[in-house]
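Here the structure is laid out as structure tokens; the discussion comes afterwards.
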């Protein structure tokens, strides 16, 4: 397979990760990174070009694919430009920050000779796939209720709290997973914490989801995990069904160190680099995308699913503001 | 200390437990058990009297204390009769099934020379106390959000689903714990599963709690844990604060057996009987009560707290019916 | 039941624990504590007498029972004096530091109208009992191999390392448990760490046990757990059999706090005091002993078992010195 | 990077795994699989050639690399033939079943223009690397003692017990890891279970290792994990040092399912295939090897280490037979 000639637009927290993985991949030829902030050149892998102009980056000769890792409200303009050039586009989650942007992007993809996929990384995580398999195989029976948590460290919260919300940034992962497990959502309700910690807006939210199937779900998410305590994140999923139950327990990490500075839980399944080889869900997602550019294999998340997850997240923010449940239309 | 002369009224699931513990205790003299169903005589410890008449039981000469373990809606008449006789009354949680009953019982206690306490057992569990201590000591900082689960096995669900609700029977435990950790509740919202499994009513509910402090909480509870799978219950508490976090993880049991019939998690902290000695939160609660009869030590749950937990549970059932959040008045 | 009139001789780490539990027990009347070091008076519960003279303590009028908590090599003289007075004697593990002392104590018990039992506390721990039940019930099949660990914090190691050895102080617990599960030991082998940390002698030892049944076992124990790291102990038992396996995993504590000083695992099953009520294996052991004084119930550890565990521990120290396996005679 | 043209010799349990990963890799061109048993053709990926003749396979035009996955005692002849053809050789662990074979292979590698590496897969596992990093960084201080377990399911035990031993097949992994953490071994001692379960020889062994540094270690391994119980394996590593401790706990899997047939622990870090992309330590090891063929990057396990691990394993089998400790020369 010839390496896929690609670029990364937006070299923030997650764009830097993608660039590092692509630079180490024999199946990618990362020709450029682009960020409107010139200071981000520091984050670009050695030997890879850097530009501050998006259009010029997308016009690079022979470019086949682009990873869109900008702030959420800027997904749309970059994706539209890329699709206009018939590129294969990988766009980070959520698809956009507003439904009208998502709709415009989906329409642009429909008329482009390029393609658009959204990176809901948990769909590439072996443990979430294992739970989905258990549900599909009938081990759990009918899904009755689900609970998910995805908490982020306070140092991340300080960076992102000013520019997004808990539902759009954090809950979107688990909304997508729950929809994958239990289908369409009918109604949501959210409460936001009123105790300020790191952000201008709510630092924690809890929420309920009602599914058309009659199943129910619950979310509790924050970005305030005190990094000095040794517990910087807490990701969980529980699925309770009529015949059994299934769990993802990311706090039960396979490697733990108790050193002079306290405990460190060594998560290895999301991303790590044993002997310099990228490892985990994020490199797996990237590799799947690169191969799909060559062989057209089907991305496991439909654009309609990415849009539906966004619709739930938007409704959760609305519910938290209104103090009322908010219906979600299919 | 002279043993406390006591009786148990209602010898169902939990009354049987209390009777067994009291019969083995050197600090109790269990003189009688009472149940309107004569068949329950089977559940009475050897050498202990049995009656079907409540008034006659409460009139036993020298009786000092009574454990009220009847169905919830029958707590009030038994408690009122006992208080009229100036007995020390231990009443199982919830205080009652309706707020007017709770109020009547609290009023009866106020004018009696007897006493009334409500058995929220988690207040006697070392691990929940440890989490409360961590919050009191400031290790967690300000409480931001909490999540709790208490799922029961399907065989219990089949027994109790016809006569109570998920909030009144299961969530009441964790509502009390969350109020202990974060104060008064302002508003609740609940969604009930519409997928039938064991009960005539909802078998699972999820809910949000908003506290006056600005903290938020989430509950997900069921009584459908498929007992054939090896996982018959799942109890958890997570508390996330501005400075740290604290957890009760009852699925991490200290003893696990993998045998020909699959896995068995051996919970030991709630109740067990090493070498015939009652052990766990329930015997500890009983012992505290017996000593309080002698020395007047203060019960750790005020009647106002027991009533407030009931108010939340009633509001959760109301919310699930209305599809609207329900305010909880102090 | 009338409270058992008792005394504690030796008020060090464990004697202080026993005294506190007995002082809080309605079934004990703790009349005195005795220690040859007058400074230990500080450790005596309020209202309990203190003496430095053992004989005078044992001569207290009406004394029925004594808890012997002296250093190991002083168990024998105190036990012999107590048995000569026909007292009920609870002696801490190991029975003694030398086999000839153990034999003398067993002989003294045989001719006394008093009694002698040895406190192998794990026999009163619900989780170790649960694993033993699983083996007895056949869930595990034939026992093939076992592994046990019991590590202590460095601050304890600094106190005890000068006066005992890893096998006598730490491994003795798990030797007794393994013999309970798999019968007599035929041969042992031990290696001692040569890297100094807290003690004058070895701070860690590893060992193999061969059982007459053909089963095998392994031990790894230390007293160097760095208390600043948050992990101060690590207790485990694994039993692998022809039909299944069983585990005690004391690191999976039901309550965990992540605070500004790092992680704290809150062990609750060994000893804790919810609302002031003693709770755990140690209070359970004490209560069983007090009741056995009244009703003669049989202690779950025979003196022959306590002696056999000591024989293994002595053989392990010998093996570590010789660099050779050492046979253990029945 | 041009794909590496390679073959797999020996298509048993592990050869089948390598073939599947290589067939899915864009960096490999798997041209043939070879097994002397024609029935193994079933295990060959679609589109890949199959042969029963080793020499003919190694003579395939343009072949660059070979994966040697034969039974242990046949590693040497295949490796020697491959090195004689100047191929890049990946050989499964242990390097050989006898030290003289290992020496011959190392000598052959020294004079070949090809290369030889041994696949100790745990060196590519993120969690074992994380523990090694913690030791290297000083978080654990001086290594004092270590404990490791690697138990295999009984269905595997039935296949392999007739042709290898517990030290050569199972313990070799952890011996290599412990040497990586604590240096050379000075002396070993082993006890073998005498209770037959699946194999003609011992199904379980326990062992001690003494290191030149003064550190000590302990192993307990079997291949009898009763697969019907839900717990088919149990892999652990604990490292205790003067300043802290570190753990690999593979039973704490991130995904667990409780279904009608009991519990299933879903291990994902060794090998799994999310959306068809190979994932885990084994694919990572393969990818590192393929790249080393192109760019000469240094394999993380020296041949001297692979030989030293074998020397320990051979000494353990000898010790179990003799009932004596056996010195290990450097």
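General observations
Just so it is clear, A, B, C and D label the chains in written order, and each chain counts residues from 1 on its own.
Criterion: contacts are C-beta pairs under 8 Å (C-beta built on N, C-alpha and C of every residue); 3 or more make two chains touch, one makes a residue touch a chain.
All of these numbers come straight from a predicted model, not from anything done at the bench.
Counted by C-beta pairs in contact, the busier of A-D and B-D is A-D. Chain centres here are Cα averages; for chain A and chain D they lie 35 Å apart.
Chain centres here are Cα means. That of chain B falls 52 Å from that of chain D. In chain D, the residues that reach two or more other chains under the touch definition are 226, 229, 231, 243-245, 258-261.
If the chains shown are joined wherever they touch, the resulting network links each chain directly to all the rest.
Chain B contributes residues 1, 26-27, 123-131, 134, 137, 139-140, 243-250, 252-261, 264, 266, 268-269, 272, 274-277, 279, 281, 284, 287-288, 291, 297, 300 to its touches with chain C in the complex. By the touch criterion stated above, chain B contacts chain A in their complex at residues 141-145, 147, 149, 151, 187, 189-195, 197, 203-210, 213-220, 222, 224-226, 229, 231, 234, 238, 240-245, 323-325. Those residues of chain A that touch chain C in the shared complex are 226, 228-231, 258-263.
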